[in-house]
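In what follows, chain A forms one complex with chain B and a second complex with chain C.
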Partner chain A sequence: MLGEQPQASSDNVYAQDKIAHNENIIYKCRAFGAVVFGILAGVFGLTSLWGLLVYVISSIVISIFLFATLPKLSIDGLFTSWMSILTGGFVQGAMTYVLVWTLAYDIVYIFF
Partner chain B sequence: MGLWTPLVYLGLVLLIHSLISAVQFISTHGPISLPADIAFECIIGCLISAFSYVKMTAEGEWKQISIAKAYSNLTWGRVENRPSFAHFNHRAKSIFSDKAPNNNRK
Partner chain C sequence: MEAQNTQLLVLDSSIRNWVLLPIVLFMFLFGILRHYATIALRTTRKNDKAKLEQAQTLARAQTVRTNANWIPHEAFLERKAFFNQPETGVLNKKIPANTLASMADPNNMVDMMKTNFATIVPNIVMWGWVSYFFSGFVIAKFPFPLTGRFRGMVQRGIELNSLDVSYVTSASMYFLILFGLRGLFSLVLGEANAADDAQLMQQQMMGPAAAMAGPGVDMGKLFEAERDNLELVTHESKLKEAETTLLNSSQ
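Up next, the complex of A and B:
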(Lines of atoms letter the chains of each structure in order from A and count residues from 1; the text may use other names and numbers.)
(Lines give C-alpha, C1' and ligand atoms only; values in the text may rest on other atoms or scores of the structure.)
Protein backbone atom coordinates (compact mmCIF):
# COMPACT_ATOMS: atom_id res chain seq x y z
CA MET A 1 0.00 0.00 0.00
CA LEU A 2 1.23 3.56 -0.66
CA GLY A 3 2.60 5.36 2.34
CA GLU A 4 3.24 2.21 4.39
CA GLN A 5 6.68 1.85 5.92
CA PRO A 6 8.42 -1.48 5.26
CA GLN A 7 8.71 -3.56 8.41
CA ALA A 8 12.30 -3.90 9.48
CA SER A 9 12.93 -7.50 10.48
CA SER A 10 16.07 -9.56 10.13
CA ASP A 11 14.21 -12.82 10.79
CA ASN A 12 12.92 -13.29 7.22
CA VAL A 13 15.91 -11.87 5.36
CA TYR A 14 17.72 -14.69 3.62
CA ALA A 15 20.99 -14.91 1.73
CA GLN A 16 20.10 -16.10 -1.76
CA ASP A 17 23.52 -17.54 -2.45
CA LYS A 18 23.32 -19.72 0.67
CA ILE A 19 19.83 -20.91 -0.29
CA ALA A 20 21.13 -21.76 -3.76
CA HIS A 21 24.11 -23.60 -2.22
CA ASN A 22 21.85 -25.77 -0.07
CA GLU A 23 19.47 -26.48 -2.94
CA ASN A 24 22.43 -27.42 -5.13
CA ILE A 25 23.43 -30.07 -2.59
CA ILE A 26 19.92 -31.52 -2.69
CA TYR A 27 19.88 -31.46 -6.48
CA LYS A 28 23.21 -33.29 -6.81
CA CYS A 29 22.16 -35.98 -4.32
CA ARG A 30 18.81 -36.49 -6.03
CA ALA A 31 20.48 -36.72 -9.46
CA PHE A 32 22.92 -39.37 -8.22
CA GLY A 33 20.08 -41.26 -6.56
CA ALA A 34 18.19 -41.16 -9.84
CA VAL A 35 21.17 -42.73 -11.62
CA VAL A 36 21.66 -45.63 -9.21
CA PHE A 37 17.97 -46.36 -8.80
CA GLY A 38 17.55 -46.12 -12.57
CA ILE A 39 20.15 -48.87 -12.97
CA LEU A 40 18.32 -50.90 -10.34
CA ALA A 41 14.99 -50.51 -12.12
CA GLY A 42 16.54 -51.47 -15.44
CA VAL A 43 18.27 -54.55 -14.02
CA PHE A 44 15.02 -55.73 -12.46
CA GLY A 45 13.19 -55.24 -15.76
CA LEU A 46 10.60 -52.87 -14.38
CA THR A 47 8.24 -51.15 -16.78
CA SER A 48 5.58 -48.41 -16.77
CA LEU A 49 4.12 -47.60 -13.34
CA TRP A 50 6.46 -49.94 -11.47
CA GLY A 51 9.38 -47.87 -12.66
CA LEU A 52 7.63 -44.68 -11.60
CA LEU A 53 7.00 -46.21 -8.19
CA VAL A 54 10.71 -47.02 -7.84
CA TYR A 55 11.55 -43.39 -8.62
CA VAL A 56 9.16 -42.15 -5.95
CA ILE A 57 10.74 -44.61 -3.51
CA SER A 58 14.22 -43.43 -4.50
CA SER A 59 13.19 -39.82 -3.92
CA ILE A 60 11.90 -40.69 -0.45
CA VAL A 61 15.07 -42.68 0.36
CA ILE A 62 17.33 -39.81 -0.74
CA SER A 63 15.25 -37.39 1.34
CA ILE A 64 15.72 -39.63 4.39
CA PHE A 65 19.47 -39.80 3.76
CA LEU A 66 19.61 -36.01 3.42
CA PHE A 67 17.66 -35.59 6.62
CA ALA A 68 20.23 -37.77 8.40
CA THR A 69 23.01 -35.33 7.46
CA LEU A 70 21.28 -32.27 8.92
CA PRO A 71 22.92 -30.84 12.06
CA LYS A 72 20.71 -31.65 15.03
CA LEU A 73 18.29 -33.25 12.54
CA SER A 74 16.58 -29.90 12.04
CA ILE A 75 16.04 -27.55 9.11
CA ASP A 76 16.22 -24.45 11.34
CA GLY A 77 18.31 -21.88 9.58
CA LEU A 78 19.01 -24.10 6.57
CA PHE A 79 15.75 -24.14 4.64
CA THR A 80 12.60 -22.07 4.50
CA SER A 81 10.38 -25.18 4.47
CA TRP A 82 10.48 -28.97 4.48
CA MET A 83 9.42 -29.04 0.82
CA SER A 84 12.95 -28.11 -0.21
CA ILE A 85 14.31 -31.43 1.02
CA LEU A 86 11.28 -33.51 0.03
CA THR A 87 10.80 -32.23 -3.52
CA GLY A 88 14.01 -30.40 -4.43
CA GLY A 89 15.30 -31.56 -7.82
CA PHE A 90 12.39 -33.97 -8.29
CA VAL A 91 11.64 -33.16 -11.93
CA GLN A 92 15.27 -32.93 -12.99
CA GLY A 93 15.97 -36.21 -11.23
CA ALA A 94 13.02 -37.80 -13.00
CA MET A 95 14.54 -36.98 -16.38
CA THR A 96 17.86 -38.53 -15.32
CA TYR A 97 16.07 -41.55 -13.89
CA VAL A 98 14.12 -42.26 -17.08
CA LEU A 99 17.28 -41.94 -19.16
CA VAL A 100 19.32 -44.37 -17.05
CA TRP A 101 16.35 -46.71 -16.50
CA THR A 102 15.77 -47.01 -20.24
CA LEU A 103 19.47 -47.53 -20.92
CA ALA A 104 19.89 -50.22 -18.24
CA TYR A 105 16.73 -52.06 -19.34
CA ASP A 106 17.89 -52.07 -22.94
CA ILE A 107 21.36 -53.33 -21.98
CA VAL A 108 19.98 -56.24 -19.96
CA TYR A 109 16.89 -57.30 -21.90
CA ILE A 110 17.22 -56.05 -25.48
CA PHE A 111 20.75 -55.46 -26.71
CA PHE A 112 22.29 -58.84 -25.82
CA MET B 1 39.72 -38.86 0.67
CA GLY B 2 37.61 -39.93 3.65
CA LEU B 3 35.50 -42.95 4.24
CA TRP B 4 32.60 -42.17 1.94
CA THR B 5 34.35 -41.80 -1.41
CA PRO B 6 35.63 -45.42 -1.50
CA LEU B 7 32.18 -46.60 -0.44
CA VAL B 8 30.62 -44.73 -3.36
CA TYR B 9 32.96 -46.50 -5.74
CA LEU B 10 32.31 -49.83 -4.02
CA GLY B 11 28.56 -49.37 -4.41
CA LEU B 12 28.95 -48.47 -8.07
CA VAL B 13 31.17 -51.51 -8.66
CA LEU B 14 28.56 -53.77 -7.07
CA LEU B 15 25.85 -52.14 -9.17
CA ILE B 16 27.74 -52.50 -12.44
CA HIS B 17 28.71 -56.06 -11.58
CA SER B 18 25.08 -56.94 -10.95
CA LEU B 19 24.20 -55.34 -14.29
CA ILE B 20 26.77 -57.44 -16.12
CA SER B 21 25.71 -60.58 -14.25
CA ALA B 22 22.10 -59.89 -15.21
CA VAL B 23 23.11 -59.51 -18.87
CA GLN B 24 24.90 -62.87 -18.80
CA PHE B 25 22.02 -64.57 -16.99
CA ILE B 26 19.34 -63.22 -19.33
CA SER B 27 21.39 -64.07 -22.43
CA THR B 28 21.64 -67.72 -21.35
CA HIS B 29 18.27 -68.29 -19.66
CA GLY B 30 16.00 -65.84 -21.38
CA PRO B 31 13.81 -63.09 -19.86
CA ILE B 32 12.98 -64.78 -16.57
CA SER B 33 13.24 -63.63 -12.98
CA LEU B 34 16.75 -62.81 -11.86
CA PRO B 35 18.36 -65.05 -9.21
CA ALA B 36 18.40 -63.82 -5.64
CA ASP B 37 22.14 -63.16 -5.48
CA ILE B 38 22.08 -60.75 -8.44
CA ALA B 39 19.02 -58.97 -7.08
CA PHE B 40 20.55 -58.71 -3.62
CA GLU B 41 23.85 -57.41 -4.99
CA CYS B 42 22.03 -54.80 -7.06
CA ILE B 43 20.00 -53.52 -4.11
CA ILE B 44 22.98 -53.44 -1.77
CA GLY B 45 25.15 -51.64 -4.31
CA CYS B 46 22.40 -49.11 -4.93
CA LEU B 47 21.88 -48.33 -1.24
CA ILE B 48 25.59 -48.21 -0.40
CA SER B 49 26.43 -45.85 -3.25
CA ALA B 50 23.42 -43.58 -2.64
CA PHE B 51 24.00 -43.30 1.11
CA SER B 52 27.75 -42.76 0.74
CA TYR B 53 27.26 -40.09 -1.92
CA VAL B 54 24.78 -38.19 0.23
CA LYS B 55 27.13 -38.41 3.20
CA MET B 56 30.09 -37.30 1.10
CA THR B 57 28.24 -34.38 -0.50
CA ALA B 58 25.98 -33.08 2.23
CA GLU B 59 27.66 -33.83 5.56
CA GLY B 60 28.94 -30.58 7.02
CA GLU B 61 28.26 -28.61 3.83
CA TRP B 62 24.96 -27.00 4.80
CA LYS B 63 25.06 -23.23 5.14
CA GLN B 64 22.94 -20.90 7.24
CA ILE B 65 20.51 -18.98 5.05
CA SER B 66 19.72 -16.18 7.51
CA ILE B 67 21.74 -13.14 6.50
CA ALA B 68 22.50 -12.32 10.14
CA LYS B 69 24.14 -15.72 10.62
CA ALA B 70 25.55 -16.21 7.13
CA TYR B 71 27.55 -13.00 7.17
CA SER B 72 28.17 -12.65 10.90
CA ASN B 73 31.95 -13.07 10.50
CA LEU B 74 32.28 -10.92 7.38
CA THR B 75 34.96 -8.28 7.93
CA TRP B 76 35.21 -4.97 6.13
CA GLY B 77 38.39 -6.16 4.44
CA ARG B 78 36.54 -9.10 2.87
CA VAL B 79 33.62 -6.96 1.79
CA GLU B 80 35.68 -4.40 -0.11
CA ASN B 81 38.21 -6.86 -1.48
CA ARG B 82 38.18 -7.04 -5.25
CA PRO B 83 40.77 -8.09 -7.86
CA SER B 84 41.26 -4.57 -9.20
CA PHE B 85 42.19 -3.35 -5.73
CA ALA B 86 44.99 -5.86 -5.10
CA HIS B 87 48.50 -4.45 -4.81
CA PHE B 88 51.36 -6.64 -6.03
CA ASN B 89 54.18 -4.08 -5.80
CA HIS B 90 53.36 -2.09 -2.68
CA ARG B 91 56.31 0.22 -1.99
CA ALA B 92 55.91 0.12 1.78
CA LYS B 93 57.93 -3.09 1.89
CA SER B 94 60.98 -1.50 0.29
CA ILE B 95 60.58 1.87 2.01
CA PHE B 96 60.43 0.53 5.56
CA SER B 97 62.70 -2.47 5.20
CA ASP B 98 66.19 -2.24 6.78
CA LYS B 99 67.69 -4.57 4.22
CA ALA B 100 66.42 -2.71 1.17
CA PRO B 101 69.27 -1.13 -0.87
CA ASN B 102 67.34 2.12 -1.37
CA ASN B 103 66.45 2.56 2.32
CA ASN B 104 66.35 6.27 3.03
CA ARG B 105 66.34 6.00 6.81
CA LYS B 106 69.78 6.58 8.37
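Up next, the complex of A and C:
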Protein backbone atom coordinates (compact mmCIF):
# COMPACT_ATOMS: atom_id res chain seq x y z
CA MET A 1 0.00 0.00 0.00
CA LEU A 2 2.97 2.33 -0.16
CA GLY A 3 2.00 4.98 -2.64
CA GLU A 4 4.09 7.60 -4.25
CA GLN A 5 3.37 10.12 -1.53
CA PRO A 6 3.26 8.33 1.79
CA GLN A 7 2.45 10.54 4.72
CA ALA A 8 4.73 9.56 7.50
CA SER A 9 3.39 9.55 11.02
CA SER A 10 5.22 7.99 13.94
CA ASP A 11 5.07 4.34 12.92
CA ASN A 12 2.24 3.93 10.43
CA VAL A 13 2.63 5.00 6.85
CA TYR A 14 -0.51 5.51 4.82
CA ALA A 15 -1.00 6.42 1.21
CA GLN A 16 -3.72 8.99 1.66
CA ASP A 17 -4.93 8.86 -1.92
CA LYS A 18 -5.44 5.09 -1.77
CA ILE A 19 -7.30 5.35 1.53
CA ALA A 20 -9.48 8.07 0.05
CA HIS A 21 -10.21 5.83 -2.92
CA ASN A 22 -11.31 2.99 -0.64
CA GLU A 23 -13.50 5.30 1.38
CA ASN A 24 -15.03 6.59 -1.82
CA ILE A 25 -16.01 3.03 -2.71
CA ILE A 26 -17.75 2.71 0.65
CA TYR A 27 -19.58 5.94 -0.05
CA LYS A 28 -20.68 4.58 -3.41
CA CYS A 29 -22.02 1.41 -1.79
CA ARG A 30 -23.93 3.56 0.69
CA ALA A 31 -25.36 5.74 -2.07
CA PHE A 32 -26.45 2.67 -4.03
CA GLY A 33 -28.06 1.20 -0.92
CA ALA A 34 -29.76 4.53 -0.27
CA VAL A 35 -31.27 4.52 -3.76
CA VAL A 36 -32.51 0.93 -3.57
CA PHE A 37 -33.89 1.12 -0.04
CA GLY A 38 -35.29 4.60 -0.68
CA ILE A 39 -37.36 3.27 -3.57
CA LEU A 40 -38.46 0.35 -1.39
CA ALA A 41 -39.48 2.61 1.48
CA GLY A 42 -41.33 4.96 -0.85
CA VAL A 43 -43.20 2.24 -2.71
CA PHE A 44 -44.26 0.59 0.53
CA GLY A 45 -45.46 3.95 1.79
CA LEU A 46 -43.35 4.14 4.91
CA THR A 47 -43.50 7.46 6.72
CA SER A 48 -41.55 9.29 9.41
CA LEU A 49 -39.68 7.02 11.81
CA TRP A 50 -40.23 3.84 9.81
CA GLY A 51 -38.44 5.37 6.86
CA LEU A 52 -35.55 6.39 9.07
CA LEU A 53 -35.42 2.88 10.51
CA VAL A 54 -35.19 1.44 7.00
CA TYR A 55 -32.21 3.68 6.26
CA VAL A 56 -30.45 2.56 9.40
CA ILE A 57 -31.18 -1.07 8.52
CA SER A 58 -29.91 -0.58 4.98
CA SER A 59 -26.77 0.97 6.38
CA ILE A 60 -26.22 -1.99 8.67
CA VAL A 61 -26.86 -4.45 5.84
CA ILE A 62 -24.32 -2.70 3.65
CA SER A 63 -21.81 -2.68 6.48
CA ILE A 64 -22.27 -6.44 6.90
CA PHE A 65 -21.72 -7.01 3.19
CA LEU A 66 -18.61 -4.84 3.29
CA PHE A 67 -17.29 -6.80 6.26
CA ALA A 68 -17.92 -10.02 4.38
CA THR A 69 -15.99 -8.85 1.34
CA LEU A 70 -12.91 -7.86 3.30
CA PRO A 71 -10.06 -10.23 2.64
CA LYS A 72 -9.46 -12.27 5.80
CA LEU A 73 -11.96 -10.03 7.59
CA SER A 74 -9.32 -7.51 8.47
CA ILE A 75 -8.87 -3.88 7.53
CA ASP A 76 -5.09 -4.11 7.35
CA GLY A 77 -3.82 -2.07 4.48
CA LEU A 78 -7.26 -0.95 3.39
CA PHE A 79 -8.62 1.47 5.96
CA THR A 80 -7.33 3.36 8.93
CA SER A 81 -10.15 2.36 11.27
CA TRP A 82 -13.23 0.17 11.48
CA MET A 83 -15.43 3.22 11.81
CA SER A 84 -14.94 4.12 8.16
CA ILE A 85 -16.72 0.91 7.19
CA LEU A 86 -19.47 1.34 9.76
CA THR A 87 -20.26 5.00 9.32
CA GLY A 88 -18.48 6.15 6.16
CA GLY A 89 -20.82 8.15 3.94
CA PHE A 90 -23.72 7.81 6.36
CA VAL A 91 -24.78 11.45 6.27
CA GLN A 92 -24.28 11.98 2.54
CA GLY A 93 -26.12 8.74 1.88
CA ALA A 94 -28.95 9.97 4.08
CA MET A 95 -29.52 12.94 1.77
CA THR A 96 -29.78 10.65 -1.24
CA TYR A 97 -32.05 8.32 0.69
CA VAL A 98 -34.43 11.13 1.70
CA LEU A 99 -34.61 12.36 -1.89
CA VAL A 100 -35.37 8.94 -3.40
CA TRP A 101 -37.76 8.05 -0.60
CA THR A 102 -39.69 11.32 -1.05
CA LEU A 103 -39.83 10.96 -4.81
CA ALA A 104 -41.02 7.35 -4.76
CA TYR A 105 -43.54 8.04 -2.01
CA ASP A 106 -44.94 11.09 -3.81
CA ILE A 107 -45.15 9.40 -7.17
CA VAL A 108 -47.06 6.47 -5.71
CA TYR A 109 -49.27 8.02 -3.06
CA ILE A 110 -49.69 11.78 -3.46
CA PHE A 111 -50.88 12.24 -7.00
CA PHE A 112 -53.90 10.79 -8.71
CA MET B 1 -53.15 11.42 16.78
CA GLU B 2 -52.19 13.84 14.09
CA ALA B 3 -55.15 12.85 11.99
CA GLN B 4 -57.07 16.03 12.68
CA ASN B 5 -54.23 18.21 11.51
CA THR B 6 -53.37 16.20 8.45
CA GLN B 7 -56.03 16.72 5.89
CA LEU B 8 -55.68 14.48 2.89
CA LEU B 9 -54.54 16.62 0.03
CA VAL B 10 -54.46 15.01 -3.38
CA LEU B 11 -52.43 16.68 -6.07
CA ASP B 12 -53.12 16.59 -9.77
CA SER B 13 -50.96 14.06 -11.57
CA SER B 14 -50.08 16.77 -14.10
CA ILE B 15 -47.98 18.32 -11.35
CA ARG B 16 -46.05 15.09 -11.10
CA ASN B 17 -45.63 14.71 -14.85
CA TRP B 18 -44.87 18.32 -15.73
CA VAL B 19 -43.26 19.73 -12.59
CA LEU B 20 -41.78 17.24 -10.14
CA LEU B 21 -40.24 14.76 -12.56
CA PRO B 22 -38.97 17.43 -15.01
CA ILE B 23 -37.24 19.28 -12.17
CA VAL B 24 -35.47 16.10 -11.06
CA LEU B 25 -34.54 15.14 -14.61
CA PHE B 26 -33.39 18.64 -15.48
CA MET B 27 -31.21 18.98 -12.41
CA PHE B 28 -29.72 15.54 -12.97
CA LEU B 29 -28.88 16.24 -16.59
CA PHE B 30 -27.60 19.69 -15.71
CA GLY B 31 -25.25 18.16 -13.16
CA ILE B 32 -23.86 15.80 -15.79
CA LEU B 33 -23.48 18.68 -18.23
CA ARG B 34 -21.63 20.67 -15.60
CA HIS B 35 -19.30 17.75 -14.98
CA TYR B 36 -18.32 17.51 -18.62
CA ALA B 37 -18.18 21.27 -19.05
CA THR B 38 -15.71 21.40 -16.17
CA ILE B 39 -13.57 18.77 -17.86
CA ALA B 40 -13.72 20.64 -21.16
CA LEU B 41 -12.80 23.96 -19.58
CA ARG B 42 -9.97 22.59 -17.52
CA THR B 43 -6.57 23.67 -18.71
CA THR B 44 -3.41 21.89 -17.80
CA ARG B 45 -1.34 24.58 -16.26
CA LYS B 46 2.14 24.87 -17.66
CA ASN B 47 4.86 24.81 -15.08
CA ASP B 48 7.57 27.37 -15.21
CA LYS B 49 10.84 25.48 -15.52
CA ALA B 50 12.88 27.62 -13.15
CA LYS B 51 10.13 27.61 -10.56
CA LEU B 52 9.77 23.86 -10.69
CA GLU B 53 13.52 23.47 -10.35
CA GLN B 54 13.55 25.64 -7.24
CA ALA B 55 10.68 23.71 -5.71
CA GLN B 56 12.38 20.39 -6.37
CA THR B 57 15.64 21.66 -4.90
CA LEU B 58 13.81 22.73 -1.78
CA ALA B 59 12.03 19.39 -1.52
CA ARG B 60 15.34 17.60 -1.92
CA ALA B 61 16.96 19.65 0.82
CA GLN B 62 14.06 18.86 3.11
CA THR B 63 14.33 15.17 2.36
CA VAL B 64 18.00 15.20 3.19
CA ARG B 65 17.32 17.04 6.41
CA THR B 66 14.51 14.77 7.64
CA ASN B 67 16.32 11.55 6.75
CA ALA B 68 19.78 12.75 7.70
CA ASN B 69 20.33 10.07 10.32
CA TRP B 70 20.03 7.22 7.86
CA ILE B 71 23.20 8.06 5.97
CA PRO B 72 26.80 8.00 7.14
CA HIS B 73 28.30 11.16 8.50
CA GLU B 74 30.56 11.83 5.49
CA ALA B 75 27.67 11.43 3.09
CA PHE B 76 25.62 13.89 5.05
CA LEU B 77 28.44 16.41 5.07
CA GLU B 78 28.81 16.08 1.32
CA ARG B 79 25.12 16.73 0.79
CA LYS B 80 25.18 19.65 3.19
CA ALA B 81 28.08 21.15 1.29
CA PHE B 82 26.19 20.68 -1.96
CA PHE B 83 23.35 22.75 -0.59
CA ASN B 84 25.00 25.17 1.79
CA GLN B 85 28.52 25.92 0.59
CA PRO B 86 29.03 29.66 0.37
CA GLU B 87 29.13 30.87 -3.24
CA THR B 88 28.63 27.48 -4.88
CA GLY B 89 25.87 25.90 -2.76
CA VAL B 90 22.60 25.28 -4.55
CA LEU B 91 20.63 27.02 -1.85
CA ASN B 92 22.88 30.05 -2.04
CA LYS B 93 21.91 30.84 -5.59
CA LYS B 94 20.51 34.28 -6.14
CA ILE B 95 16.84 34.20 -6.98
CA PRO B 96 15.26 37.24 -8.54
CA ALA B 97 12.65 38.53 -6.15
CA ASN B 98 9.16 37.48 -7.05
CA THR B 99 7.39 40.76 -7.45
CA LEU B 100 4.30 39.35 -9.13
CA ALA B 101 1.56 38.79 -6.65
CA SER B 102 -0.81 35.92 -7.25
CA MET B 103 -3.61 38.16 -8.43
CA ALA B 104 -1.46 39.70 -11.12
CA ASP B 105 -0.93 36.38 -12.85
CA PRO B 106 -3.59 36.36 -15.56
CA ASN B 107 -3.63 32.57 -15.82
CA ASN B 108 -4.66 32.30 -12.18
CA MET B 109 -7.47 34.77 -12.61
CA VAL B 110 -8.85 32.96 -15.62
CA ASP B 111 -8.71 29.61 -13.85
CA MET B 112 -10.46 30.99 -10.81
CA MET B 113 -13.17 32.55 -12.92
CA LYS B 114 -13.73 29.36 -14.85
CA THR B 115 -14.15 27.38 -11.65
CA ASN B 116 -16.53 29.95 -10.27
CA PHE B 117 -18.57 30.00 -13.43
CA ALA B 118 -18.76 26.24 -13.57
CA THR B 119 -20.21 26.06 -10.06
CA ILE B 120 -22.21 29.22 -9.58
CA VAL B 121 -23.81 29.82 -12.96
CA PRO B 122 -25.62 26.46 -13.21
CA ASN B 123 -27.00 26.94 -9.71
CA ILE B 124 -28.27 30.42 -10.50
CA VAL B 125 -29.82 29.22 -13.74
CA MET B 126 -31.57 26.25 -12.13
CA TRP B 127 -32.70 28.21 -9.11
CA GLY B 128 -34.09 30.97 -11.35
CA TRP B 129 -35.84 28.43 -13.53
CA VAL B 130 -37.44 26.62 -10.63
CA SER B 131 -38.51 29.70 -8.71
CA TYR B 132 -39.77 31.53 -11.80
CA PHE B 133 -41.98 28.81 -13.21
CA PHE B 134 -42.96 26.62 -10.29
CA SER B 135 -43.39 28.86 -7.28
CA GLY B 136 -46.63 29.37 -5.43
CA PHE B 137 -48.03 25.85 -5.39
CA VAL B 138 -47.46 22.58 -3.62
CA ILE B 139 -45.53 20.05 -5.67
CA ALA B 140 -44.60 17.34 -3.20
CA LYS B 141 -45.03 15.96 0.29
CA PHE B 142 -42.25 14.81 2.53
CA PRO B 143 -43.01 11.39 3.99
CA PHE B 144 -41.98 12.68 7.42
CA PRO B 145 -43.54 15.35 9.61
CA LEU B 146 -41.95 18.74 10.10
CA THR B 147 -42.61 21.20 12.87
CA GLY B 148 -44.39 24.49 12.25
CA ARG B 149 -41.09 26.30 12.42
CA PHE B 150 -40.30 25.16 8.90
CA ARG B 151 -43.52 26.53 7.42
CA GLY B 152 -41.99 29.81 6.27
CA MET B 153 -39.15 27.95 4.59
CA VAL B 154 -40.85 25.02 2.90
CA GLN B 155 -44.15 26.70 2.05
CA ARG B 156 -42.96 30.04 0.79
CA GLY B 157 -45.67 31.72 -1.24
CA ILE B 158 -48.48 29.70 0.26
CA GLU B 159 -50.25 31.49 3.06
CA LEU B 160 -52.27 28.61 4.45
CA ASN B 161 -51.80 28.04 8.15
CA SER B 162 -53.99 24.94 8.17
CA LEU B 163 -51.92 23.14 5.56
CA ASP B 164 -49.73 20.35 6.92
CA VAL B 165 -46.09 21.44 6.91
CA SER B 166 -44.89 18.32 5.11
CA TYR B 167 -46.46 19.59 1.90
CA VAL B 168 -43.73 21.59 0.24
CA THR B 169 -43.21 23.90 -2.68
CA SER B 170 -40.64 23.75 -5.43
CA ALA B 171 -38.03 25.76 -3.50
CA SER B 172 -37.51 23.16 -0.80
CA MET B 173 -37.66 20.34 -3.34
CA TYR B 174 -34.90 22.16 -5.21
CA PHE B 175 -32.62 22.02 -2.21
CA LEU B 176 -33.48 18.42 -1.42
CA ILE B 177 -32.69 17.44 -5.01
CA LEU B 178 -29.52 19.52 -5.01
CA PHE B 179 -28.11 17.72 -1.98
CA GLY B 180 -29.61 14.32 -2.70
CA LEU B 181 -28.28 14.10 -6.24
CA ARG B 182 -24.66 14.19 -5.06
CA GLY B 183 -24.85 10.53 -4.15
CA LEU B 184 -26.29 9.71 -7.55
CA PHE B 185 -23.60 11.69 -9.30
CA SER B 186 -20.90 9.79 -7.48
CA LEU B 187 -22.50 6.58 -8.76
CA VAL B 188 -22.96 7.79 -12.32
CA LEU B 189 -19.90 9.94 -12.89
CA GLY B 190 -17.39 8.17 -10.69
CA GLU B 191 -14.92 9.73 -8.32
CA ALA B 192 -14.08 13.39 -8.11
CA ASN B 193 -17.02 14.62 -10.11
CA ALA B 194 -17.45 18.11 -8.71
CA ALA B 195 -15.33 20.98 -9.90
CA ASP B 196 -13.52 21.50 -6.61
CA ASP B 197 -12.69 17.81 -6.37
CA ALA B 198 -11.09 17.94 -9.77
CA GLN B 199 -9.06 20.91 -8.69
CA LEU B 200 -7.90 19.04 -5.63
CA MET B 201 -6.86 16.03 -7.65
CA GLN B 202 -4.90 18.18 -10.03
CA GLN B 203 -3.02 19.67 -7.14
CA GLN B 204 -2.26 16.24 -5.76
CA MET B 205 -0.89 15.08 -9.08
CA MET B 206 1.34 18.09 -9.35
CA GLY B 207 2.67 17.26 -5.93
CA PRO B 208 3.02 19.44 -2.87
CA ALA B 209 6.34 20.82 -4.05
CA ALA B 210 4.90 22.24 -7.22
CA ALA B 211 1.88 23.53 -5.39
CA MET B 212 4.11 25.32 -2.95
CA ALA B 213 5.98 26.99 -5.76
CA GLY B 214 2.88 28.85 -6.80
CA PRO B 215 3.11 32.51 -7.58
CA GLY B 216 3.35 34.84 -4.64
CA VAL B 217 5.72 32.60 -2.70
CA ASP B 218 9.13 34.10 -2.22
CA MET B 219 11.48 31.23 -2.95
CA GLY B 220 14.53 33.24 -1.82
CA LYS B 221 13.19 33.40 1.73
CA LEU B 222 12.33 29.71 1.71
CA PHE B 223 15.81 28.84 0.52
CA GLU B 224 17.32 30.92 3.29
CA ALA B 225 15.18 29.24 5.92
CA GLU B 226 16.03 25.80 4.58
CA ARG B 227 19.71 26.69 4.58
CA ASP B 228 19.49 27.60 8.26
CA ASN B 229 17.56 24.43 9.06
CA LEU B 230 20.14 22.30 7.32
CA GLU B 231 22.88 24.07 9.21
CA LEU B 232 21.21 23.33 12.52
CA VAL B 233 20.82 19.58 12.02
CA THR B 234 22.76 17.60 14.61
CA HIS B 235 23.83 14.61 12.65
CA GLU B 236 24.00 11.27 14.37
CA SER B 237 24.14 8.33 12.03
CA LYS B 238 21.93 5.42 12.99
CA LEU B 239 24.08 3.10 10.93
CA LYS B 240 26.87 3.25 13.48
CA GLU B 241 25.09 0.99 15.91
CA ALA B 242 23.58 -1.19 13.22
CA GLU B 243 25.81 -4.18 13.92
CA THR B 244 25.28 -4.12 17.66
CA THR B 245 21.54 -3.73 17.22
CA LEU B 246 21.47 -6.73 14.87
CA LEU B 247 23.58 -8.87 17.18
CA ASN B 248 21.54 -7.91 20.22
CA SER B 249 18.26 -8.74 18.53
CA SER B 250 19.42 -12.16 17.38
CA GLN B 251 20.54 -13.24 20.82
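Brief remarks follow.
Heads up, the rule we're going with is that the second predicted complex is superposed on the first by the 100 of 112 C-alpha atoms of A that agree within 3 Å, B and C clash if a C-alpha of one lies under 4 Å from a C-alpha of the other, contacts with A are read in each partner's own complex, and residues count from 1 in each chain.
The rule is simple: contacts are C-beta pairs under 8 Å (C-beta built on N, C-alpha and C of every residue); 3 or more make two chains touch, one makes a residue touch a chain.
Keep in mind it's a predicted model, so treat the numbers as computed, not measured.
Aligning the shared chain A places chain B and chain C next to each other free of steric conflict. Of the two partner chains placed around the shared chain by superposition, neither chain B nor chain C is touched by A:86.
Within the superposed three-chain model, A:95 lies in touch with chain C and out of touch with chain B [touch as defined at top]. In the superposition on chain A, A:103 contacts chain C only, with no contact to chain B. With both structures placed on the common chain, the touch criterion links A:21 to chain B and to chain C.
By the document's definition of touching, of the two partners only chain B reaches A:77; chain C does not. In the superposed pair of complexes, A:32 makes contact with chain B and with chain C alike.
By the touch criterion defined above, A:61 lies against chain B but remains apart from chain C after alignment on the C-alpha atoms of chain A.
Contact with both chain B and chain C is seen for A:112 once the two complexes are overlaid on the shared chain. The superposed arrangement places chain B and chain C with a least CA-CA distance of 10 Å.
Overlap of the chain B and chain C interfaces on chain A comprises residues 21, 28, 32, 42, 45, 107, 112. Interface residues of chain C, counted against chain A in their complex, comprise 10-13, 15-16, 20-21, 24, 140-145, 176-177, 179-184, 186-187, 191, 204, 207-208. Of all residues in chain B, only 11-12, 15-16, 18-19, 22-23, 26-27, 31, 34, 38-39, 42-43, 45-47, 49-51, 53-55, 57-59, 61-71 touch chain A in the complex they form. Put simply, chain A touches chain C in their complex at residues 5, 17, 21, 24, 27-28, 30-32, 34-35, 41-42, 45-49, 51-52, 92-93, 95-103, 105-107, 110-112. Those residues of chain A that touch chain B in the shared complex are 10-11, 13-15, 18-19, 21-22, 25, 28-29, 32-33, 36-37, 39-40, 42-45, 58, 61-62, 65-66, 68-71, 77-80, 104, 107-109, 112.
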